[in-house]
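Residue numbering begins at 1 within each chain, and the chains themselves are lettered A, B and C in the order written.
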């Protein structure tokens, strides 16, 4: 592997991070059980998931790229799935509402006019509290969250691996430094989709999924810029060292 | 080696569980994070309140600051004092968490006073006692959660062998914990505690938002009353979520092979998904479709 | 600039470009003088406070448009751009001007993406994103220069402490009666708090006069700023009392 491949790895990772935010269901109004999705902002939640992925990936630092990517994906997905479990538990026993998708119930999701859950086939409409936009995380959004976790974990681990690869020759504390920089790149890329999503998404069956190309292009531009900075930094620094 | 890893996982799980409970109660005692919008909205629809309105930031960044500050100070003190690992780490962590909780108190009171000052048009008064009585409570919760997160970072760095330095692990865990706590435990505060006068078993319609409970068990409700309620359910569920995350993640790695741990984690994820499906089925059968007026 | 006669509306806002120019001049001066002042580096602390004010103002201008994402996201996004470029740049000993320009470009590129591709329709998006990223880069570069060694250990704390100091002034004073003057006073208070925290950390690393000096200078600043802020609060608040019940429903 050479530094140019590592640079492309950072760019690809950054784009994946941007896309993962679209898959993880999140909505701040969810905290009042007034909307489908995990009850916090999309960028915050994806960042939390991504960091637990990077932390998991750090344990596989010496086992090569594939092991690191797998470990990062596992860490992120575990965080997302457990958060969905916790959120559903509180919704079920703390608030007393079954998980239900508001957008599917109103027939506006990408599934067309169907008001049934895409995976279980359960009817959604009668379970929505009037005046709210669904609550909790029904099965279709949970599956979407798992996919988002895998994508985000892969992206985070890719960025981490790329940065780590470039910083090993120039720094004694490469792991910590590249962890910090990978977290920064993750963060920058997961705020951009939040602009696209306007604070709320139900995952892959949400109509906002159609806006992924915008996210993709913006994240591509921003990640390319950041990857170029890191690439030139490490190249000049290693030139200075030799 | 295996024993050390098992001890590390057990300690990590315990500390994570405690940290999450305390973190959730800290945010509830200060009406932080997403339910904050309801406390903020209340005076606009003439619900003048006596809540502590601690709008420091979203839960992940603020929690990451307390954890990172405590862990940085703990690590510096530990490496400078040259004491034995266990007393050194504990002493450093206690001091670090103390400083973090002092900073939290300052940020929290500045936020509360500023936010009330911005509510002049809605005739919201600043009651000093409604700031000063929950303040020590919320600071205590921050102290405990920062302490647990710092010790947890030392465990992950020292016993479990993460290559990241302690402050970085603490910041990561702080962010993750904040994201988890604001999406699990806060629902219990935002959807149930603030809206206890609505029937149990419904989400809060957008049109009802801001119509929060300002009266408590007796008299006006103060933020001290909040953890009394959320500690019964919201806090433990947050603890369960974050505790399970750390425990499963660390336990799966005791085998020593990366791929075994990945396969283990994904099979546990599949099990949790099946449980989520059964939970949804259970609630749908148990509660039935929504009926108006019930 | 407002003369301080108007109460709630706060008069005309200070233009963010002016705040940014002040912050970049004093900030760069502080960064370059760090090499000459050695142990007396604490006298430079007041020169870095304008950068906090400028970034807090950037957060305020962006977040007041309602972006569909929290105020905190803007704050930690801006600081991430500034911090990431500075941390990467410091590895090869880049000149601070290059690092800050890279952060400025990074902020501008993200702003252009948000404006042109995502179509946010926020007129100040590009300018304020660039200002926010560059001002936080100035702060982080200065703070990193305070510590002679072990500095990469402090990167997480620097990143997150600056994030809070930058996003909190607007997030903390949000509401119908929010105005720029009070938000910026709060930002000064929090700037001095943040530098005091780093003074404390420095004191723990090297128990020396420098760390104590930073804490002392920050405490002096804090004492001045908190008075200014509290004066504004007293002028603008509806009422204060030790205890009591809200009148409307009692």
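One rule holds in what follows: a residue touches a chain if its C-beta (ideal position, glycine included) is under 8 Å from a C-beta of that chain, and two chains touch if they have at least 3 such contacts.
Since the model is a prediction, treat every value here as computed from it, not as a measurement.
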Report task. Starting from the Cα centroid of subunit A, hunt down the chain whose centroid lies farthest away. Result -> C
Query raised in the report: What chain pair has the highest count of contacting C-beta pairs?
Result: A-B
**Report entry** Length of the line joining the C-alpha centres of subunit A and subunit B, rounded to whole Å
**Finding:** 21
Query raised in the report: At what distance in angstrom does the C-alpha mean of subunit C lie from that of subunit A?
Result: 28
Query raised in the report: What whole-Å value do you get for the distance between subunit B and subunit C if each is reduced to the mean of its CA atoms?
Result: 26
**Report entry** Contacts with two or more other chains, residues of subunit A listed in rising order
**Finding:** 28, 41, 44, 173, 176, 180
Query raised in the report: In subunit C, which residues are in touch with two or more of the other chains?
Result: 70, 72-73, 76, 152-153, 155-156, 159
Query raised in the report: Which subunit B residues touch at least two other chains?
Result: 58, 60, 165, 168, 171
Report task. Report the residues of subunit A in contact with subunit C in the complex, numbered from low to high. Result -> 28, 41-44, 167, 170-171, 173, 176-177, 180-181, 184-185, 187-188, 191-192, 194-200, 214-215, 217-218, 221-222, 225-226, 229-230, 233-234, 236-237, 240
Query raised in the report: Mind pulling up the subunit A residues that touch subunit B in the complex?
Result: 26, 28-34, 38-41, 44-45, 47-49, 51-52, 54-56, 58-61, 63, 67, 70-71, 73-75, 77-79, 81-99, 120, 122, 126-139, 142-143, 146, 173, 175-176, 179-180, 183
Query raised in the report: For subunit B, which residues count as touching subunit C in their complex?
Result: 40, 44, 46-50, 55-58, 60-62, 64-65, 68-69, 72-73, 75-77, 80, 99, 103, 106-107, 110-111, 113-130, 165, 167-168, 170-171, 174, 214, 219-220
Report task. Sort out for me which residues of subunit B touch subunit A in the complex. Result -> 33-35, 37-38, 58-60, 156, 160-165, 168-169, 171-173, 175-180, 182-192, 194-195, 200-209, 233-234, 237-238, 240-241, 244-245, 248-249, 253, 258-259, 261-262, 265-266, 268-269, 272-273, 275-277, 279-280, 282-284, 287, 289-290, 292
Report task. Show which residues of subunit C lie in contact with subunit B when the two form their complex. Result -> 8, 70-73, 75-76, 150, 152-157, 159-161, 163-164, 167-168, 171-178, 182, 186, 189-190, 193, 197, 200-201, 204-205, 229, 232-233, 236-249
